Amino acid sequence: MGQTIRFGVSLDSELLEKFDALCEEKCYQTRSEAIRDLIRNTLVQKEWEDLNRVMMGTLTLVYDHHHSDLAQKMTEIQHSNLDIIVTSLHVHLDHHNCMEVLILRGPAQDLKAIAERLIATKGVKHGKLSLATTGQDLP
Amino acid sequence: MGQTIRFGVSLDSELLEKFDALCEEKCYQTRSEAIRDLIRNTLVQKEWEDLNRVMMGTLTLVYDHHHSDLAQKMTEIQHSNLDIIVTSLHVHLDHHNCMEVLILRGPAQDLKAIAERLIATKGVKHGKLSLATTGQDLP
Amino acid sequence: MGQTIRFGVSLDSELLEKFDALCEEKCYQTRSEAIRDLIRNTLVQKEWEDLNRVMMGTLTLVYDHHHSDLAQKMTEIQHSNLDIIVTSLHVHLDHHNCMEVLILRGPAQDLKAIAERLIATKGVKHGKLSLATTGQDLP
Amino acid sequence: MGQTIRFGVSLDSELLEKFDALCEEKCYQTRSEAIRDLIRNTLVQKEWEDLNRVMMGTLTLVYDHHHSDLAQKMTEIQHSNLDIIVTSLHVHLDHHNCMEVLILRGPAQDLKAIAERLIATKGVKHGKLSLATTGQDLP
């Protein structure tokens, strides 16, 4: 991290009022912190556009363990992508349903390809890949 | 519009550098203008959550005029929602395909309902509703 | 368009019941039409990923005409991109606010670049680009 | 789960060809499985619109542990929302950056409120809530 720099922003008073109300609602302690988050969000969105860039990914899968060959497919995929699946977390939802959350690390396009293969598995009811920054280039 | 107020924002120097590069790339003339846009975007997203709020909507439809009864359905819908469809624009894409852009004004939930009915029409290949603010509460 | 082909789909009866309820709510006349729309949506999403592909775009801009140099910027951009802006539509929202809807045609990345420049213009309160298919490769 | 029902879908041959290519690319074994996923996705999107409905949530946070009071804020929030945070997972990204993935269960609006509070915490560089179904009403 570099040093902290302070600069001025000019805003219409009504817009500022609405922004302050929003900051309070979202529990931001300062305007600066809220503006930093808006800026970082935009930068992360740009990171996603570069499919070769190394990203973190959180893949959430909900499936019926009685009707799914997910366990077997995950084993297969893990063996051919040992370096991409960092860890995984399992939650029992009810008698039928399970949730599996996989933490992935690798080029965005590889994360998308693995996510698609797992979501396409029989018995998987819902799957969603959420890409996140590694934080390295995001001060 | 109220008066213009100026306040200070503190930012890590590396984050500021990346933000400045982004502002230049997106052709913003000042940091203030870029920050105003980030704030307004967040406010507009909040507007959308209120389904009873009056919004503008742009509905884009691509359809094959040889195989669509869209014209007839639009006439029906317009007659029972005279107040919602503000205007429409037609573009001939090729021998088969047409594009119809409808400008809608009304409560968000009514705009969504009309959009769903039109998108569901036979022969419509693609449809997308884009909600926009009326600008009234957005200084 | 090719000939119509019919094939069988097997579905759990409870899932089918929920799907039928959804089709009715969204005013689809047949299950086939609803499934065709789901398939076409997925194909259009794939089209967007190819930034060099020619797409249609609907750019919605809401701005305060008292404080915007949008008109001037649009003239500039149109002169250097004569081939991209197909047509535009203007709606007066109230005493202050205007809405401008531009129909664009060109490679996805060019549409995005023009949209960014116009959204970044001073006085533009809200801007959103909605990409659409040309319909050509979407039977 | 109910019994399996089979019904016919009619599709233009060119559209079917493109759909089959997509199924192969996404590693679906049958058209039925791909269509089931499209239908379930639409149903899950509808679930999200009901803010009082109990949902699962995966909240991904990337933060600099040197500059964040996230640990303290999470403790506070957990103590007043013992029932919502099911479990959490921690990944060390590099010397500075950590990733925390929280599994949440509760009404969609409560999940959104907790996510907003944690994302607003100083030092959190990126945060994203991904809502998922509990699978209970999704055969």
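Chains: A, B, C and D, in written order; residue numbering restarts at 1 for each.
Here is the rule we use: a residue touches a chain if its C-beta (ideal position, glycine included) is under 8 Å from a C-beta of that chain, and two chains touch if they have at least 3 such contacts.
All values derive from a computational prediction rather than experimental measurement.
S.K.: Could the interface between the copies chain A and chain B be described as same, meaning over half of its residue numbers are common to both, or is it different?
M.R.: same
S.K.: Same interface as A-D shows up in which of B-C, C-D or A-B, over half of contact pairs matched?
M.R.: B-C
S.K.: Which whole number of Å gives the spacing of the CA centres of chain B and chain C?
M.R.: Their C-alpha centroids are separated by 9 Å.
S.K.: Would you kindly tell me how far, in whole Å, the mean C-alpha position of chain D lies from that of chain C?
M.R.: 26
S.K.: For chain B, give me the residues that contact two or more of the other chains.
M.R.: 1, 40, 138
S.K.: For chain D, which residues are in contact with chain A within the complex?
M.R.: Those residues of chain D that touch chain A are 1, 25-29, 33-34, 37, 40-41, 44, 56, 58, 60, 62-64, 67, 86-87, 89, 91, 93-94, 96-97, 99, 101, 103, 116-117, 119-120, 122, 124-126, 128, 130, 132-136, 138.
S.K.: Under the definition above, what is the set of chain A residues touching chain B in their complex?
M.R.: 1-19, 22, 31-32, 35-36, 38-40, 42-43, 46, 137-139
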